[in-house]
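There's a structure below that I have some questions on.
Just so it is clear, A, B, C and D label the chains in written order, and each chain counts residues from 1 on its own.
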Amino acid sequence: MSNLNELYQEVILDHNKNPRYFKKLENYNRKIEARNPLCGDQYTIYLLIEDGKIKNIGFEGVGCAISKASSSLMTSSVVNQSIEFSKNLFNKMHLIFTGKSNSINEDELGSLFALSGVSEFPARVKCASLSWHALNGVLSEIHETVTTE
Amino acid sequence: MHQFIQNSKSENQIFDVKKIRQDFPILNTKVHGKPLVYLDNAATSQKPKVVIDAIQKYYESQNSNVHRGVHFLSDSATNSYEEARDKIKNFINAKSSKEVIYVRGTTEAINLVAHTFVKPKLNEGDNVIVSLMEHHANIVPWQIVCDEKKAKIKIIPINEFGELKVEEVNNLIDEKTKFISLVHISNSLGTINPIKKVIELAHKNNIPILIDGAQSVCHSKIDVQDLGCDFFVFSGHKICAPTGIGILYGKEKLLEAMPPYQGGGDMILQVTFEKTIYNDLPYKFEAGTPNIAGAIGLGVAVEYLQNLGYENINTQESKLLNYATEKFSKLENVRIIGTSKNKASIVSFVMADIHAHDVGTILDQEGVAVRAGHHCTQPVMDYFKIAGTARASFSFYNTLEEVDILEDAVKKGIKIFLG
Amino acid sequence: MHQFIQNSKSENQIFDVKKIRQDFPILNTKVHGKPLVYLDNAATSQKPKVVIDAIQKYYESQNSNVHRGVHFLSDSATNSYEEARDKIKNFINAKSSKEVIYVRGTTEAINLVAHTFVKPKLNEGDNVIVSLMEHHANIVPWQIVCDEKKAKIKIIPINEFGELKVEEVNNLIDEKTKFISLVHISNSLGTINPIKKVIELAHKNNIPILIDGAQSVCHSKIDVQDLGCDFFVFSGHKICAPTGIGILYGKEKLLEAMPPYQGGGDMILQVTFEKTIYNDLPYKFEAGTPNIAGAIGLGVAVEYLQNLGYENINTQESKLLNYATEKFSKLENVRIIGTSKNKASIVSFVMADIHAHDVGTILDQEGVAVRAGHHCTQPVMDYFKIAGTARASFSFYNTLEEVDILEDAVKKGIKIFLG
Amino acid sequence: MSNLNELYQEVILDHNKNPRYFKKLENYNRKIEARNPLCGDQYTIYLLIEDGKIKNIGFEGVGCAISKASSSLMTSSVVNQSIEFSKNLFNKMHLIFTGKSNSINEDELGSLFALSGVSEFPARVKCASLSWHALNGVLSEIHETVTTE
C-alpha cells in the first residue's frame, strides 16, 4: 500500500474532492480542451491572459482523481504568474511526472510536490500531465507569436 | 491430504479449475509482487499453451505462403490454414466453409458488411437499427455509411437494468429499415440479448441482421443455422486465440452477391488491366497474405473450448458471477451497473464517486486486472450518467478466491478515498 | 579442424551464413527425406528464433488489450506495441511515429490509400498510373476505385529485360493524373525500379505517389524521407516478421487530411449517436483490436535485420544472384525471365515448354521450394507470353550449395521431360 | 526419383506432348470452362451430347502436364460413351486421385491407370481432376434435367 499512499496523498485527495479554480470564467480570452480519450478524462480550461501574465484561470470537466487534482494544483500555481514562469513550471513538472527529474526540491514545489508520486505509475503519467500539456500548448503559441513579431 | 483427495475427485467429476489454470502460462505472473488476478477477459482472453505452441510449431515447421505454392511447406501451411477454417465452420455450425471468412476481428467484419452489403442498398432517408448498448465497433461503421448515404441510425433503447427493450424493435422498424445490427452480449453490462427474438422480428420484416458475437462466443455455444442470422462476427483474441484474426460468418447467398471489400492477391481468378475476375468464396473476401498463424491458432483455440465443453464453462462462470454479484451487492458505496436477469460473467461497477481510472490503479496494486473506463460503449455510460465503470469480467479459469481478492482490493480503495 | 578455424574466422570478419542459419529453426526441416532448400523467400520469409520467441513471450507474460487499460499487463502490452512502432519508425526513418500505421499487410495498405486518399480526389476521366509489373495488390484496388469513379488506369510499360520504361512516365502524366502507385522491386522479375526518379517526376507534376515496398524492405535500407514518397507500404511476413501485420507509412499532413478507413474502437475520441470525433494519428487508422503480437514481432524482426546489417545482406544475396544467374545462363532449355541490370536476388525462369507447376513438383521432390505460376503478376506473364515461371528467390540465409542443389534438380526435371 | 517417375509416366508425358482431342469442336452443344486460378490451368471443353451419349468431345487451353494429360486421357475415355458411363468413370477416378480407391484394376483402367500416381502428390490432385470435375458438373446437370422430367 505504500506506493498507493504516495500516489493518493492527502493533498491529492483534497484537491480531487475540492478542486480549486473549478469554474468557468466569465471573462476569458483563451479556452483549451484537454482530453484523454483512453480513460475519458475531459477538461476545459479558461484563461485570461494580459500583459504576458495569467490574470485569471478556471477549469471544468470530469476525470480521475489524479487529473483533477493535478489540474487544480496547476491552476493554483500559475494564476497571477507570467507566461514564462508557467512554461518553466511545465517543464519542471514534466520531468517530475516522467521520473526524469534528478533534483526534486520539496520546499520549492510546495503542494505541487504531492504530484511526484505519479512517476511510479507510468499508466497514470498521462492523467497527471493532461492539463499541463494543454496549458503549455496554448502558452507556447502565444509565446511564439510574441517572439516572432 | 484431504485437500488433495478433494481435488482429484473434482478432477474426475467435472471441471478442475486449478488444473485448467495450468494450461495458461501467463496465470503464473506476479504483479507488484502479488499473484496476477486477471479479470479483464472481456477485453481479451488469455491463451492456453496449446495455442501458443501451435503458433511456434507453425513458424518452426510449416511457415510458407498459402494457396499459391506446390512445394511441401506451402502445401502443409495451406492444409492447416484450411483445416482451421473447417474446424471453425463446425464450431459455429455453418453450412459450408465458404461461409467462414477470415478477417482481423469483429471490427473489420462489421466494416466489411457495412461497406459491401449495406451501403449499396442504402438510399437517402433509409435507416439502420442498432441498440443503445453497442460497442463503438457496431456504431461508427454505420455512422460512416449512413452519413455517406444520408441515411439514419435508429436505436433500440435499454431499461435501467441494462436490458434491451425488445418490445420497441417493432416500433422502430419501418419500410425504410434496411439492416439491423445487434450485439449478442454487451461488453460493458454483461446483458445477454434475446437475439433469436430480434432475428425473427427482422426476418418477418425481410430485414437482414448481423449479430456481434465478440462477447458471446467465449460464453456460449453458437449455432448460426439455429440462430438464422444473416451475419455473425467475432474476434479470435477474445476466445483464447491469437490477436489479429477473427471471423465473418455470412449466408452463402448473401456473400456470393456482395462485391469484394479489398482488392489484391488470392481474391482474384484472373487479372488483366481491362478486366478482373474475382475468386470464389471465401477467397473473394481474403485479399492479400492472411494472418496464417493466427488462423491456425484460432482453429486450435476453438478445439480447446470444445474439449472443455460449454456446459463446464457455463457452470464455472455462473458460480463466479453469482458469487461476485452477491458480494458486491452487500458492499456499501459500490453500485453494479447492468443487472439484467440474463447475464454473462461480467460485473461493471462504480464506487462512490471514485473515478473508474483510480479504481483500476488501486486494484492493479493488488495484482487485480480490471478494465476501467467507458469500454468503448459511451452511449451506455451516457445513459447511466456516469463517466465510466470498473469492469471485472470472469472466465472459466478464474476462481472464487480471486473474487475474494477483488473484494478486498475494492474495500481498500474505498478506505483510501473515503477514509 | 581447418574447417572450424575458417568458420570462426569468417564469423569475426563479416557474415557467417552457417551461423545465421541457426537462427532459423525451420531451416533444419527435411522434405521427402532431403534437407529443405527454401528458395521461396519472395512469397514469405522464414522467421528467426528471436521473433518466434517474442510472440511466445508476449502471450506468456504480457498478453492484454492495448491502450484501454490501467493494469500492469495492459501497460506492458501497450508499451511493447508502441515501442515496436518507434523501432519501425527509425527503421524506415519516418519523421514521426504518427506516420507509421499498423495494417494487415501491403494489400490492406494499398486498399486503404486507394479508398481514403485517392478515391475522394478522383473524377470521371481522371487517371491513376501504375506499371505493367505490378503485383495484383497494386492493380485491383485501383481498378475498383477507378471503376467506381469512371477513371482510368494508365500503365508504364516495360522492355524485354523486364525494366521499367521510365522515359515513358512523362508522356503518361497529364493534368488528369491524380496518383502514381509503383512497385519498388518486382516480385516476379526481380527488377529494382528507379523509384527516386519517378518520385521526382511525380512531384514535379504535383502528383502524390505510393511505393509498394513489399519486396524491397528485405533487400535494402529504406529511408522514406530521403525517397520523399508520399506513401510507402510493406508486409511484415516478407521481412522475418509474423503473418498478419504490415505497415502503411504516409506523410503526416496527408494522413491528417484523410478520412478514417474502418470505424470502431481505438480510432475515436468520443462517440455519441449524433456525432463521433476521430482520434489522432496513427490511431485514426487502427480501428479495433490490432494484431498486437504481430506488431511486437515486427519490431523484433526489424531489429534483427538491422543487427545483421544491410551491407552484409546485400553481399550475400548478390553472391547468390550472380552464382545462380551464371549457372542458369549456361543451362540449355532454361530461360531466365527478368534480366534487368539492376536486380534483386530473384531468378524467374522457364524450362523448355515444361509447365512451371511441373517444375515446382520436380524441385519439391529434391527438397527445393520454389514458387511456380504467375506470382500474382499476370500482366507480366502476358507480356512475356508465358503462363508462368518457376521462381527461385534468395535470402541472406541461403547458400551457394543450395544453388547447386537447385541446379541439379532443374537438370533432373529436364531429363524427365526431354529425355 | 521413384515417386516422380510414377507421376510422370511415359503415358502422361506422351499425352502432355501430344494431347488427344485437343481441338475446338465446330459442332457442339455444351461448353465448359475449367480453371484452377492458383496454378493458372485453364481449359475449355466442348461436348456434343446426343441421346444420352457423348457423341464428340474436344478441349483447348493451357496447363501443366498433369492437367493436360489427364484432360487428354479423359476425352479419349469418354468419347462415344454414355453419360451414365462417364459419370461412373468420374467417380472411380475421383477415388483414385484422392487415394481412396481400394481396388485399382490396371487392366480395366487401361491407359487411365497412368493417372494413379497422382494420389501420392496431394498438391497435384487438383490438376489431375480439374477437367473431370468440369465434365461431371455438366453431365450431372443434364442428368438431373433428364431424371426430374
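Definition applied: contacts are C-beta pairs under 8 Å (C-beta built on N, C-alpha and C of every residue); 3 or more make two chains touch, one makes a residue touch a chain.
Predicted, not measured: the structure shown is a model, and the values here were computed from it.
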| item | value |
| --- | --- |
| Co-neighbours of chain D and chain A - touch as defined | B, C |
| Pair with more cross-chain C-beta pairs in contact, given C-D and B-D | C-D |
| Between chain B and chain A, distance of the C-alpha-averaged centres to the nearest whole Å | 38 |
| Length of the line joining the C-alpha centres of chain B and chain D, rounded to whole Å | 46 |
| Between chain C and chain B, distance of the C-alpha-averaged centres to the nearest whole Å | 32 |
| For chain A, residues contacting two or more additional chains | 38-39, 123-124 |
| Multi-partner residues of chain C (each touching 2 or more other chains) | 32, 68-71, 74, 268, 270, 357, 361, 364, 372-373 |
| Complete list of chain pairs which touch one another | A-B, A-C, B-C, B-D, C-D |
| Parts of chain B lying in touch with chain C, wherever the complex brings them together | 25-26, 29, 31-32, 36, 38, 40, 43-44, 46-47, 51-52, 55-56, 59-65, 68-74, 104-108, 110-111, 114, 135-137, 139-141, 143-144, 153, 155, 235, 237, 242-245, 260, 262-265, 267-268, 270-273, 276, 287-294, 357, 360-361, 363-364, 367-373, 375-376, 378-379, 382 |
| Chain D contact footprint on chain B (complex, rising order) | 67-71, 74-75, 79, 268-270, 279 |
| Chain C contact footprint on chain D (complex, rising order) | 1, 3-5, 7-8, 13, 38-41, 62-66, 68, 121, 123-124, 127 |
| In the complex with chain C, residue positions of chain A that touch it | 35, 37-39, 122-124 |
| Contact set on chain B toward chain A in their complex | 32, 354-358, 361-362, 364-365, 372-374, 381, 387-388, 412, 416-417 |
